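There are two complexes below, and they share subunit A, which is joined by subunit B in the first and by subunit C in the second.
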Partner chain A sequence: MGPLIPNGIINGDWSFVIALLIGIAFGFLLEASGFSSSRNITGVFYGYNFVVLRVFFTAVIVAMVGLLYFDYFGWLDLSKIFILPTFLKPMLLGGVIMGLGFIIGGFCPGTSYTAIAIGKLDGLFFAIGLFIGIYIFALAFPLFKDFYYSDNMGHVTLTDVTGIPAPWFAAGFTVIALAAFWITMVIEKRVRKNFTEYKF
Partner chain B sequence: MDTNHNRPHYINPYLGGVLLGLLVLLTVYITGRGLGASGAVKSTVVTTAKIITPAKAEHNAYMKKFISPDHSPMYNWLIFESLGIFFGGLLSGILFGRVKKFRIEKSPKITNKTRLLAALAGGILFGIGSQFGRGCTSGAALSGSATFAFGGVLVMLAIFGTGYILAWFFRKLWI
Partner chain C sequence: MNRNYIFLTLLMLALALGTLFIKKEPALPETPPETLLPETLLWEIIQPTRYVSTDQVAKMIIQKDPSLEIVDVRSPKAFSRFTLPGAVNVPPDSLLSPSGSDYFGIPGIKVVFISDDGILADQMWVLAKRLGYKDLYVMKGGLNRWMETIIQPKEPGEGEPYTAFEKYEFRQGARLYFTGAKVKTTKATKTKVVVRRKKKATVASGGC
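Let's turn to the complex of A and B:
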């Protein structure tokens, strides 16, 4: 049955309306979870606030397990969903650059939009930076074009790469996440004790 | 020190996570792909370049991939989704009383100017990184990992790993 739009069950003309509604739900959840605050977000790197880890890991578990169930019940044809392609070295470099941008800027793209929405100028500057960064990338693209397309492994899943079935990854990730939830709760309590000012 | 009285009201992070996970699931079920956020900025960059320097944009090896004779790069799923992110954030902000006049959030140890420059620099880096990474925290790390994509997990580990390794050097910005 699913995915609904690629399978023609929902007419593609509706896709922009659906995109807007899904975006609204996404933005609402990001803001309501506290991601419109950069100091809230970066707390994950300093131990005073692990809200990013809690929301992110829970979301990944729910979506992973949910997809497996949808596949099991035959509601969703997993062979028809988009799997992000893997370009090993370029994507590792991209992740490292984003990590640096994250710790300096305190936002990621989606969270910066919600920060702008509630009136944060730092969110606006981050978004302007995104625009400039992508423009610089496009202008300089000929310099690293070969690298950008290198190491192409195609649309591979964890199972394709390791041979381990997807449910094992979902189970393993859940165990890691539960352990992380407990450990970070202990860390957060200790760090906050030494914090005189915790405002965000 | 507990400062509960002036702490803003956020929803329980585990509840937020469950709802966000269900949203990713619903999005994949409907559209066949996950959520994204950096793609909309890319479309905006391409559109701006196309308007200001059309010849340059059409000959640029990267930007020309996103230019089509039929329609504008703004006629794009991620543009509407990102508009939604803004309005959804606004809705939540109004509901929880966080929409206020323009302000800057920062560590008391740095000036407003430092914070804004850091935010700008962070954005530039995130913009560049998201192109190499084929997506940002939403498209690659969250949606990618949730759909068991090897590249998604890779990007997630690289973003957070780098954040932890470099956190000490930038602590003044935050604590």
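Let's turn to the complex of A and C:
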């Protein structure tokens, strides 16, 4: 059946409406998870708060395992899912730069807007710096345009590169993620004095 | 540790390990989006509406219906010997080639398959239907029935209904159209008209 829009079940004109609704839900959940606080975000780098790791790893393993089951049930055709092309070296450099910005500024682009939404000034300054960076990048783009498009590996997946089937990646990553959840809980209990365990 | 954390950990672990046992069947290569299900194809096969009679085809040819396209599925040798006017030759081995597939899928065009007895036309109909084409028909009985009905129509018996005579007259006209035969003038036997005059009875003249 899925994906819904390429298969004509949902009209393509609904794309922006659906994107808006998903964005609203995403922003709400980001704020509810504590991502509007720069201390929570940088805590994963300094080792005293691992909420970022837990939230995003949970999202990754649920989506990964869920997509495999959806494909098996016939609800979603994985071969029709768009995969972004991989430019290996530019992406590695971009990841390093993003990590630097993350730890220096305390936000990523999305979380800075959730911080602005609740009135935080550090998020506002981060967003201003974000646009200044975009402007500088656009002006200087001809200098590194060749590097930007270099090392194109195409629409490749880990399964294509390694030959290991996708379910093994899902199972392995889930085991690592679940282990990380328990380990980070132990670390937080030792490091933080006023640790309050979340109760359902 | 909280039992809810333990439960969620075990649940996620079970779901993740369950993906290892998913063995999805390999999909057919390049299955078209509008896949014709076997039951759908069987339902279409048993429909009588996919047949057209020789009378209908003859009528459309005489009226020069622009939406009619006759596809002769016999061999090129048989096609060159005899075929219907305006027919195109698409043998079975040309169905998938560009020269053959160009005749199908044209909007507004009704394709009528013809062969000698209708069997090969039926098979070609099934293949073209599976290829996803629409508006496909088969001339029932094929060219053999065409000969029996259009070229050499039989006069209905005296007990036949009026519609049979109407159809016979149409077929006679169609035969004239397709064969170019001339109308035989009926020689009416000249019967001499004999006029018999009744003799008037003579009225008695005079009075008493």
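In the analysis below, the second predicted complex is superposed on the first by the 193 of 200 C-alpha atoms of A that agree within 3 Å, B and C clash if a C-alpha of one lies under 4 Å from a C-alpha of the other, contacts with A are read in each partner's own complex, and residues count from 1 in each chain.
Note that a contact is a pair of C-beta atoms (placed from the backbone, for glycine too) under 8 Å apart; a residue touches a chain by one contact, two chains touch by 3 or more.
What you see is a predicted model, and the numbers here were worked out from it, not measured in a lab.
Peer 1: Have a look at subunit B and subunit C on subunit A after the superposition and call it: clash or fit.
Peer 2: fit
Peer 1: Between subunit B and subunit C, which makes contact with more of the residues in subunit A?
Peer 2: Counted on subunit A, the partner with more touching residues turns out to be B.
Peer 1: Have a look at where A:61 lands relative to subunit B and subunit C in the superposition and call it first, second, both or neither.
Peer 2: Touch partners of A:61: subunit B and subunit C.
Peer 1: Please give the least Cα distance, whole angstrom, that subunit B and subunit C reach in the superposed model.
Peer 2: 9
Peer 1: Overlap the subunit B and subunit C contact sets on subunit A and report the shared residues.
Peer 2: Overlap of subunit B and subunit C footprints on subunit A: residues 61-62, 166, 197, 199-200.
Peer 1: Quick check on the complex: what are the subunit A residues that touch subunit C?
Peer 2: Touching subunit C from subunit A are residues 7, 61-62, 65, 68-69, 71-72, 79, 166-168, 170-171, 174-175, 178, 181-182, 185, 197, 199-200.
Peer 1: Mind pulling up the subunit B residues that touch subunit A in the complex?
Peer 2: Going by the criterion above, the answer is residues 1, 3, 6-8, 10-11, 13-14, 16-35, 37-38, 41-42, 44-46, 48-49, 60-63, 77-78, 80-93, 95-96, 98-108, 115-167, 170-171, 173-175.
Peer 1: Flag every residue of subunit C that touches subunit A in the complex, lowest number first.
Peer 2: Contact set of subunit C toward subunit A: 2, 4-5, 9, 12-13, 15-20, 22, 24, 27, 33.
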